[in-house]
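Consider the two complexes below, in which subunit A is the common component and subunit B and subunit C are the respective partners.
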Partner chain A sequence: MVMPDWLSNLSVWVGEIMIGVGVVSDVIAAIGMLRFPNFFVRLHAATIGTIWGAFLPLVGVAILSVGADYLGSYRWFMGGGALITAVLILILGPAGSHALARAAYRSKAAKVEPKCVDHLEEHIRGEERDRNA
Partner chain B sequence: MAGIEQQVTTFTLIMFPIYILAFTLYIIRAVKGPTIPDTVLAIDAMTYDLAAFLVILSIFFRSPILIPTAIVLALWVYALDVYVSKYLESKEMGG
Partner chain C sequence: MEMSSGTKIAGVVSMVIVTSVLALAIAAGGLGYVIPPPHLRSLADWYLKTALNPYLKYFTVNSPEAVTSIVWDYRGLDTLFETTVFFLAIIGSIALMRGIHIDVKELKECCPTGMSPIVKTVTRVTVGMILAVSASIALHGHLTPGGGFQGGATAAVAPLLVMVVFSLYFVSKHGLSEEKMLTLRTAGLLGIAFTAFAALIIGYAFSTHAYVFQNQPKAEAPVGLPAYMFNALTSGTLIFFNLFEFFAVAAGFTIVFLLLSIPEVIVKKHSGVSEE
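And now, the complex of A and B:
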């Protein structure tokens, strides 16, 4: 399949811009992961790192590899694999973070602070009281 | 066509040190992390970025052999998340 020159140039440019934005937000997420005070605040940085730092560059690679003719016909395999990885990360990243946050809260492995009001704690305590009664 | 090849190779070469910087920061948090969820969260975010890094690396090397590795890595780190949260919540791995 022969692509017009301007189209492959455009897809390479779009892919490079997406990879660049992804890498920059990756560094921002890493700095946040290092500087934030506790686990539940660090979850915000982890979200930036998975969606903006991994999903976006993978879609960018998929778009870039379509336009990069010098890769040969294997570029379709590369683009498809990158797209599949991107969709997997889009689904699995938030699911894993939520499971980890729930487990860390319920097992009291990480402290919730600073906090003003915690309705979930009251709810769990009420459940336990009902079970014991 | 040679112009595109040169441009993409230079671009990926510029991206590598920035990725390595981010990985270093994640590893510092993973080693320091005061609690288990902190360590697991840092490794989680780092491995998703490592999958993206491997795909960019395969563009740089012009070889498709690193692509299946990225897919397996993304699935593996989700399994890590689920196992650790299961262990934290009920103190057993579950058969």
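And now, the complex of A and C:
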């Protein structure tokens, strides 16, 4: 498949920009992990690292490798692998952080702070009241 | 003891300097030789030239993957005993947990539910993918990096995930048991043993010489397993070793994961430790 020059240049540029945004997000996520005060807020920083710092650059690698003719025919394997990994991270990252947050909340291992409203707590209390009634 | 920030900075700077000086010295040949060596060693050269070389009929393994060739052919006996060590470790963990069995009824009373529906849905999607990737790693072990052990270890992640996400009760209810996995594990090991003796058996049948753990024909031992089957490169014994090792390792790891995920309450009850 032969691509016009402007299109392959564009895809390389877009891919490189996405990888660059990923690097910046990873640095931000790392700073957040170190500086944020408690578990739930730190978990927020960690998920920035998985989505903006892993999913986005992997999609960037896929776009870049499609346009990078100088990589030869192996660029299709590279791009396909990157795309599949990106989709897997997109599904698995949120599920993992959800499981962590849920476990920490239910086992009362971490305090929810700062908090304005906690519907889950009200729900659990309601369940307990129903059980006792 | 509270360190002042000046001391901390001095510590970090001195560590960085020591590491850099050491790295520079080693890179410049401080150990008496340069790392990595500038030329291929003669042993590596030999492996690269013989692993897939139809012109050296008595020396080749007929596999483009040099690592698997070394693991299951050039040093095959070593790998066999590695597998045995792993099997002994599994036996050891079963012996440690003797008397503690997985009872579906007890599990239903104690902990019948798994994690939230979100995690369960995601696991349903990924378990099939994990099994597909593991089969690919194992069955292409003689063509691309990977092999039976790596494939088996990957495959064992699938039951582990289901155990953690859907609960041990769920997998026990659907028929996954320690005994079944042990049977599969033993069948895999028997397959490995049989493959090791395959050339010898063929040699006896045609009354010629053959070696134990022989793959391709050797001088004065013209017996060998087919390098091609159904027009596909299978590299003689390598694909069989990888296949059987895949089952043995996957089942072995699953046994350990099953034993590790038995709830503490049940372990205490079966082993007669009273609840304090």
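What we mean here is this: the second predicted complex is superposed on the first by the 122 of 133 C-alpha atoms of A that agree within 3 Å, B and C clash if a C-alpha of one lies under 4 Å from a C-alpha of the other, contacts with A are read in each partner's own complex, and residues count from 1 in each chain.
Operating definition for what follows: a residue touches a chain if its C-beta (ideal position, glycine included) is under 8 Å from a C-beta of that chain, and two chains touch if they have at least 3 such contacts.
Remember, it's a predicted structure, so these values are computed and weren't measured experimentally.
By the touch criterion defined above, A:V21 lies against neither subunit B nor subunit C after alignment on the C-alpha atoms of chain A. Applying the stated contact rule after C-alpha superposition, one finds that A:A95 touches each of subunit B and subunit C. By the touch criterion defined above, A:L58 lies against subunit B but remains apart from subunit C after alignment on the C-alpha atoms of chain A.
Applying the stated contact rule after C-alpha superposition, one finds that A:L83 touches neither subunit B nor subunit C. Look at A:V112: by the touch rule set out above, it reaches neither subunit B nor subunit C. The partner that reaches more residues of subunit A, of the two candidates subunit B and subunit C, is B. Touched by subunit B in one complex and by subunit C in the other are residues 88, 92, 95, 99, 102 of subunit A.
On subunit B, the positions that touch subunit A within their shared complex are 1-2, 4-5, 7-8, 11, 15, 18-19, 21-23, 25-26, 28-29, 35-38, 40-42, 44-46, 48-49, 51-52, 55-56, 58-59, 62-64, 67-68, 70-71, 74-75, 77-78, 81-82, 84-86, 88-89. By the touch criterion stated above, subunit A contacts subunit C in their complex at residues 88, 91-92, 95, 98-99, 102. Residue ranges on subunit A touching subunit B, taken from their complex, read 8-9, 12, 16, 19-20, 22-24, 26-27, 29-31, 33-34, 39, 42-43, 45-46, 49-50, 53-54, 57-58, 61, 64-65, 67-72, 74, 77-78, 81-82, 84-85, 88-89, 92-93, 95-97, 99-104, 106-107, 109-110.
Here subunit C touches subunit A in the complex through residues 115-116, 118-119, 122-123, 125-126, 129, going by the rule given at the top.
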